[in-house]
Each structure stands twice: as structure tokens, then as C-alpha cells.
């Protein structure tokens, strides 16, 4: 456990030092890459709560990622065009304030996760995997064919949204915002994992019968975890949209759901920092393998396969030589 | 006879053509160990599920402490005070012994939806968990990961987790299974003590253990209770001898 | 100079003897001396990679033939994902410090990248996608389109349908923005009655239900816009349906990248484009020959558009230093290069004003290709130019 | 809409359903017997289509191409079973999803590497071209009728295989009790390889059959894969009967939905927005259907708990 803690600190240090170096070396793109890694890590941390702690293999987290993205896209595009979102029964205006957008993204994706979770959690095992996948696809097709917000074209936001006191267009400052959010969420999720709720969630994952017979309403525990998980991934979606200043239905695609799962497995399932390490590795692979070969997905596939088959604990598991990832 | 804690009345449950529970009635009174025996396929596990939750009878009712619990979920029954142990240890194997016990305490305290205070630093939860571990002599093992416990120790932990609920009645499914003679004896003594706290409905295969500790015995055959009575009565009961003990002897 | 990655590509493709072409623009680095760095982002993996590969190959061929040592090209793959495209654009602008960006195949990706590039003071020169937003209100002085505004080929098809005497055609397209633009474009020039109008699911592969509806209607012709695999599926299934109505469509489903997969089912169909491999002018013929020699296949319109894009940039680089944005922009606007499609000039919104041809799918030996049979629209300018405030 | 057109659309829905069944049957069989969720099933569909296209290009014979699709997919299936899949039987579903997701990445790019980025050509054989007139005057594609017949034949074949033959008995036993069958002296790993190859061959066959009227290109398998998942979730995972019922239900819902919904909305909207809204809803319809089924039967129509 101690060793894992050092590895975690090392990962965080890397995430700070690399952009800091890039800042002084004037390589802003490296900062953009680091920001991307941080945002993906955040999405992964969200999914990991459901998947790692709760054993809820959601193959449809792109739905919340996309919902967060569209929360940003819709609010900011209305602010950009000075058109209110709705006037009846009461006036709702667009906004370009990041904190407001984050709040809306969290609430909207939490609500979506509540509906999808309430339905999907009636099933379990493979059904759950496939049902969440199908719900994600449903939203994918909906956003493509829904003309109001650009359909497949998506929405371009020309200027990054505002955060009081900061220049968000400056890559290092935007990185800072994302990094602080990641830290805050990591802290929060760590507390949740260790709380009675986290114990119940993990206990129900390991032995559902036992959790039931000690009087825990497993369905409700899972639903709450699913909602928190969706909300975090939704927040990541809003940040991702702001990073690209663009949203499109691809944020809802099942490949995104798959990628978020890949971050977790690469880093180590049910480890607090698993998705962080995994997302960072993914970005590094994408960047370097992508530069080496047009067919870099073959290598990515091979690495993923190797990790799943032979290195179950992911990077962190491999480094800390501890197979199981129960955060105690 | 004192009022019964648990009362099963005329339960019926069919799976297609098979009648797994055919008008079963039985009760559990304070201070007793009531053993339920029966050959394989007699419908024991079906009956347990209908008492503990997870399976709804087609007809009949289950009452616990005067509450009608027939339609309740497993978790609701547990919160009313029905403690349960499983035939095959149902423990979170990745948890430590203490974590498993704390999980029980969390369920008991109804503090599931608390998100910030670490469970393993909560004095009330820890006290409840440790006192349960004390009672089954597992206190020294509290930091051991459950998957590393011996079989007998896991059975003890099962009981401890049930104890954290401070149950009003126990439902124990073959607690002696797979335990050596010595362990079995220790557990029997422990149950003799425990029954004064809360009566025990004991489903058990081990005949010697049943005859050694049960106050009353019910015999289930083909979904029907063919006899209920004291150890002596059951030993002497002709139908039981034919239906059950005869088979046992032959085997 | 071409960057190492692009160099590898060229070498990979066996570029031993480059066919030297006398480009009228004489695009050799002259007195201006300034280096030009071009970022080409296109789709090289996954579905639709065929289009990106043709754009890359056509573009690199153009640059190579120009022989301009001062032009460097960086090629990246967007995987057809908008977020990857945006990220690569950031990379090219922030790290590679490119002056010009180009290459994007898809409108939705272009809508993500082009505004980001122009907002950061770079040129974006589109070799393919021409969404209405960027031609009208959202036009930008640093955004040029060398291909067409998206409606163009559809308007041409509409005009041709009218000329063929369609009285009651059935029209269909996928349910996404480009699909809606397609039907709108067709209706703009056709302007008659319709037997039916259908939006299909994006990525749909089975068209039995739509074909049944066409059969049941009293349509006298069909117009469809179904790019990529969707078009292949539709054409095969339509050919097998026994319905024998004349079909017109934009070139996207009858292009060189696709014809091989459609085969006989496409024979004889009229389609509209700004170019065809048999177009009768010296630059086009030379281009087709050199492309065939270099890559061993007939170039598609995508390759042709990219080739023209490369030559436009080369011509501008010969006149002005790219660092002098205003001068370079003027040089681009002049479009002083010999286009493979003959005359070429930009409209006020920096989209081409050009002819659209009607082509017919033919079999030449054992290769399916297109042959020009007429002109659908002459000197067509897109309708959005009026909304552009340039 | 006329009755005749409605009947034709129902036929189209049926044919679409049968096509989905070929894909779903292998998926559900593999899940039923080995408890494995295989995302790479779409890749096997693609392998079948590409093998058929390559064989057709070489020999010009469609039936040889079908054989090639079966053989190639079965061989590739057996190979991945031996190297990768069998390490996954004892793993949880998460590992299975990720490992087979990795296989998709590898297969897609490897296929593109071998065959290039351009779609391949595969056409209907001359004997099956054109249409026949069915009773009632419906003109229907011979090839589509052939697909319906092949699909139903495969369904019957699978039922017989599983209920009547020795191999089928082993499959059923394997489904219920791995240890028992091992004790009976049946080499379970050979059985599993066979079942996986069978499922793969079915996917390959459907890829080739469908490839003749659709586009043979990289990535063609994934959309079908997701539809096949919806099918087996609706039908109940592991049940061949459920796969058939689910496939036909999905086929009919999708086909009728996309033709009828715009008409329905047209009753109270202007035609253009009716088409837009109708098509948007139609594209979501099967997922709504799935959610509806699971609301009432969380393990699908024919699934066991």
C-alpha cells in the first residue's frame, strides 16, 4: 500500500512537472496533451467509482461524457449568439461562465445517470454491459439527427469559457483549472471509497448476498454510485468540450465508452489513481505510436490485450506488485 | 408456550410441476434452537429463501416479530433483525476480517448513505464490529484478509457478521458444514449460549450436531413437514425413520 | 522540403521517377525566399480512410511536382474524430508552427478545425469539405475553399434532373446536416414536384424499406446523396430491386474510391462533379498520368481537389511571403495557377466559381470510371456568398 | 400506405431480422456455452466478408466465396480462441469486453493494412439477381428471399444440432456443468474451440451474404455487432430461440418504424419536420424497444435468471 502511495505521488508529480517544463520550454502543445490526459483521467475516475468499486461494468459512460459536453456547448452557444435558451415559462439564458457550466453539466449528467441507472440496474452481468452500451448509442443517434444544435456537425464555441480571475485561453492556466478539479475529485472519491457508503458499495460488489443480509439496499447504493459516477464523467465532458472549444455527437460514441474503460484497465482497476496513470499512458501511446505508424491501433490493441491477459493490475499493479486493487 | 418470534404459515411454492413448498408451517420461539432437517431435494433451500427473502411464496405468509414480512426484501428483513449465515461462506473475500464485520455494522446502523467520514475510523461502527469478533474469538485476526482465513474461521466470521446486526433471530444454513469434530463442538457450545440472546432456526445436515444441540426438530420431506418435536420424539417417529433416518442409515 | 513523415510516405509509394511537369505557375522558390510550412490533417485510419489517403496523395504529388524546396508538409491522421482533429490542429499551430492548414475530408471536422485555425491567425484552405456555415455568415478572410461549397454538386444534380425532364423524382439522404443540405441544394435548382423525400439513418446499410417505398411511389427518377459505404449498399440493392428509374446524384457515390466496390450496379448513372478524369485540358491530363504513374490508380475528385489545393498554395508562395499575411492572402485570392478543372476563380467568399459537369459511369477495360457527357451548371457560385461580409 | 407496401415492408423487416439472427446466433451460442461476451464477433463478420470478396475476385464464383467466408472465419475464430479467448473464460465480463475490444482494434487495422483503405467489390451471383413476383403481386428480390431461407435454415439447423445430436448434448451439458462434462471424459477445450469456430463461421457467413448487397469495408462489423447485442439482450442471452425472436422483433421494429413514423408524424406536422422528427425517433426506436422489454423482463424474453 505504501509503495502504491509513492507511485501515486510520482504520477501526480509527472502530471505537474511535464506541463511546467513545457511552459518554460514554450511547447504549448505538450500542455494541451497533459490537459487532455487530466480530463480523460477525470472521466476515468468517474467510471472507476461504478466499475472498480461497484463492479458495475458500464459500457455507456460516453452518454454522460457527451451530456457534459453538450451542457457546455448549448449554454455557451446561446451566450455566443445572445439568444436565450428558453423564455417560457421562465427565462433561461446561455452563459460562458465555467463554474455555472460545470454545475449544469454535473446536474444534467447526474439526472441522465439516474434515469439510465434506474433502468439498467434492474439487470446485471452481461445484460447490464449491453444495456448501458445501447443507451449510449441511443443518445448518439439522437444527437446526430437532432437538428437544433448542429446534429453531426456539432457546435463550435469560438472562445473558451470564462473563469473569474483567469485567462482560460492560456494553455497553462486552463491546465491548472483541470488539474485542480482532478485533485478535488480524487480527494472526494477517496473519501467516498473509504466511507460507509464506499464499504457498502464495494461489499455489494464482492458479495451481493452478504450486503443484502446485513440490511443494505444494494440497488439504491448502486444507483447512487452510478449517479455520482455519471456526474463526474459529465464534468469531464464539459472540460473536454472547453479544451476543444467544440462538441459533437462523437462524444457519445461507443468508442469513447471503450476508451474510458481502457484508461481504467491500463492503469489498474479499482485503484484511485488507476485511471490517472491509464489516461496518461494512453495519451503517450497515442502521441508516439501515432507518430510511428499509420497502423498504430494494432500496437494499442496488442498492448491492451497484454495488460488484460497478463498484467491484471495495470501499471500501478505492476509497479506496486499488488494484484488486487481494493482501496481500503 | 411463549409467543413465537418467527412464524411460517402454510407456505406454498411451485416451480412448474414441482411443489417445493407444500403447505409448510413452522415457528421459532424465544430461547430455542429449532433444527430443520431433511434429505437432499426436500425443499430446504427454497424454504430458507422464502424466510430470508429473495423468493416470494405463491401462498401463505411469513411473520417476524409480529410483522408481516412475506413481501419484504432481504434487506428489509435484515433490518428488522433477521440474522443469517450461509452454507457457503458469503463474505467479501477481498476485505479484511474487520472490514467484513464493519460492513455488518454499517448495515445495522443504517448509515449507508454517509459519504465522507471513513468507515474504518468510525468509533461506533468499530466497537460494534470488534465486540462481534470478540465473541467468535476472531479479534486477533481482524487485519487478516478474509480469503486467507481457514474454512472454520470463515464460518466463525459468518456468525460474527450476523452478530453485528444484534439480531432478534438467526437463520443458519449448515453452519457446521466442513468443520472438523473439534470445531463443530466449539460451535455447538457457542450456539447453546447464543440461543438465549436470540433463537436459532438451524438448517443442518450433520445429524450428530443436530441431536446434540437442537431443542426442537422439524423434518422436511418433499416440500412437507412430516414431523416436529423434541429430539426423542423425532428419533422415535416412525415416518421419519422410514423417510429420512432409514435413508441415512442405508447411506 | 517535405517533412520526414511525408517523405516516408512518398518513398513508400515508390516515387522513383517523378514525372516532371511544366507547371505554368513555375512554382519554384523565387526571390521571396520565405519558407512555408503546411499542416495536413486528414483521415488515414478507420472508415473513410480512402478519401483521406487520396487527399494526402494528391496534395503531396502537387507539392512534389512543384519542386519548391521552401515548402514543408506535416501529415497527421484525424481518425475521422472531431476532437482528434482539433487536438492535431492545436499541435500543428502551437508546436509545429505551421502557416497553413488543409486536408480535412469531413464537414463536421472542418467546422471544428477551420474556425480554430483562422482564429489563431492561420490560413485554412479546404480541399474538400465546404459547409454552408463557413461560406456564409461564418466566412473568414483566411479561409479558402478550393473544392466547392457543399451544395454545389447537389445543385448541379438538381439542374441536371430538370434537364432530363424529371417531373416527380424521389429524393433521399442521411439524416444529418450534410444530408439536409444535399436535399435543399437539389430542390433549389430542380424546383419541381417530388414523389417523396426521405431521411435515412446515418450509417444505415440496408435500404430495402426505402427501395420498397420508391417502388410504391409514382416516381419518375431518383436523386440520392449517400456518401461512402451507404452509397455502395444503396446502389447494389437498388440494382437488384428490378426498379428501372433514372438515377442522378452527386459524384460522392460514383467516385473512383467507390466505383470498384459498386461495380456494374453503377454503370450508366449520371452524376455531377467539378471534374472528371477524362476532362479535356492539359493540366488535368498531365495530373491523371502522373498520379497513375506515382500511385498506380486513377485519381478521384478528392485527389484532384487536393492537387489543385497544393498548386494554389505553391502559386501564392511564389508571389508572397506567407508571413506577410495580407500579401499572401491576396496571392491566394488571385488563384494564379493552372487548375486541373480549367478555369478557376474565387468568389467574394473565397469559394470557387466554377462549372459542374455531368458524368456517366462507364467501364474502361476492366476499370470502372467516369466520362463527361455534359455541363450541368456553368460558372456556378454558391448562394451563401451573399451572406458573407468579406 | 397500401396494404401491399405494408406487406412488402414486413417482408423487409423479416429479412433484416434474419440477417441479424445469423450474427446474433453465434454471439448468443458463445455466450450460452462459454459464458463469454465477444465484441470481436463483428470482426469475424468482417473477416467473412473480406474473405468472400477476395475469393470472388479470384475465382469469380460466389458459392466458392461463401465457402471461403465460412472457412476463413472459422479458422480465424479457432485461432483467436486458442490464443486469446480461452484465457478469458474464467475471467469476469470486464476482462472479456476489454480483451475483445483490443481484438477489434487489431483486426480492423490489420485488415486495412492487408486490403487497403478502399471498399472491396462483392456482388450477387447472376442466378440470384433480379426479382420474383410473389402471390399478391409483390415484386421481391430473389437474393433477399435467399437470405431469409438461409437464415431460417440455419435456425432450424442450430435447433437440431443442439437438441438432437451428440455434439449438441455436449454443448448443453457444457452449458450446465463444466465439471460434469469434463468428468465424462469429454475434452471440454476441444468442444469450446469447436463452438467458437461455429459461431465465428456463422458471423463470417452473414458477413459474406450481407456483403454482396452492402459495402465490404473496414469497420463494417461494429454497427451490426451493436444491433446483434440489442437482439440477444431482448431475446435473452444464451437462447437461440430468443435470438431468433429478438432478431425478427428488431428487424420489424426498425423497418416499420422508419417507414411508418414519418407518416404518423405527417398527420399533424408539416412534411419536412415530420420526416426529420420521424427519422430521428426511428433511429432510436430499437433502443427504446430494448429498454421497454427489460423493464418487464430484465433477463430478456427467453432468458433464464
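Order of writing sets the chain letters: A, B, C and D. Residues in each chain are counted from 1.
Here is the rule we use: a residue touches a chain if its C-beta (ideal position, glycine included) is under 8 Å from a C-beta of that chain, and two chains touch if they have at least 3 such contacts.
Given the structure is predicted, the values throughout are model-derived calculations rather than measurements.
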**Message:** According to the touch definition, list the chains common to the neighbour sets of chain C and chain D.
**Reply:** A
**Prompt:** Looking at A-C and A-B, which one has the bigger number of contacting C-beta pairs?
**Reply:** A-B
**Centroid spacing, where centroids are CA-atom means, of chain B and chain D in whole angstrom** = 47
**Fill in**
Per the C-alpha centroid definition, the whole-Å distance linking chain A and chain C comes out as 36
**Message:** How many angstrom lie between the centres of chain A and chain B, each centre taken as the mean Cα position?
**Reply:** 43
**Message:** Quick check: how many Å separate the C-alpha centres of chain A and chain D?
**Reply:** 32
**Asked** Which chain A residues reach two or more other chains?
**Response** 141, 144-145, 147, 295, 297
**Message:** Can you list every residue of chain C that touches 2 or more other chains, as numbers and ranges?
**Reply:** 44-45, 175, 180, 199, 201-202
**Fill in**
Residues of chain D that touch two or more other chains sit at 108-109, 112, 276, 279-280, 283
**Item:** Touching pairs among all chains present in the structure
**Value:** A-B, A-C, A-D, C-D
**Prompt:** Which part of chain B faces chain A closely enough to touch in the complex?
**Reply:** 52-54, 73-76, 78-79, 83-84, 86, 90-96, 99-100, 102-104, 106-120, 122, 125, 161-162, 164-165
**Message:** If we count contacts the way the header does, which residues on chain C are in touch with chain D in the complex?
**Reply:** 44-47, 49-50, 52-53, 175, 180, 197-203, 205-206, 208-209, 212-213, 215-216, 228-230, 232-233, 236-237, 240-242, 257-258, 260-265
**Message:** Which stretch or stretches of chain C touch chain A in the complex?
**Reply:** 5, 44-45, 77, 81-83, 86-87, 90-91, 94-95, 107-108, 111-112, 115-116, 119, 131, 133, 175-178, 180, 199, 201-202
**Request:** Provide the residue numbers of chain A that touch chain C in the complex, in ascending order.
**Result:** 27-30, 32-33, 36, 141, 144-145, 147, 150-154, 156, 158, 171, 240, 244-246, 248, 250-251, 290-291, 294-295, 297
**Message:** Residue numbers of chain D touching chain C in their complex, please.
**Reply:** 1-2, 4-5, 8-9, 12-13, 15-16, 19, 108-109, 112, 116-121, 123-124, 129-131, 139, 141, 143-144, 210, 212-220, 223-224, 255, 258-259, 262, 271-272, 275-276, 279-280, 282-283
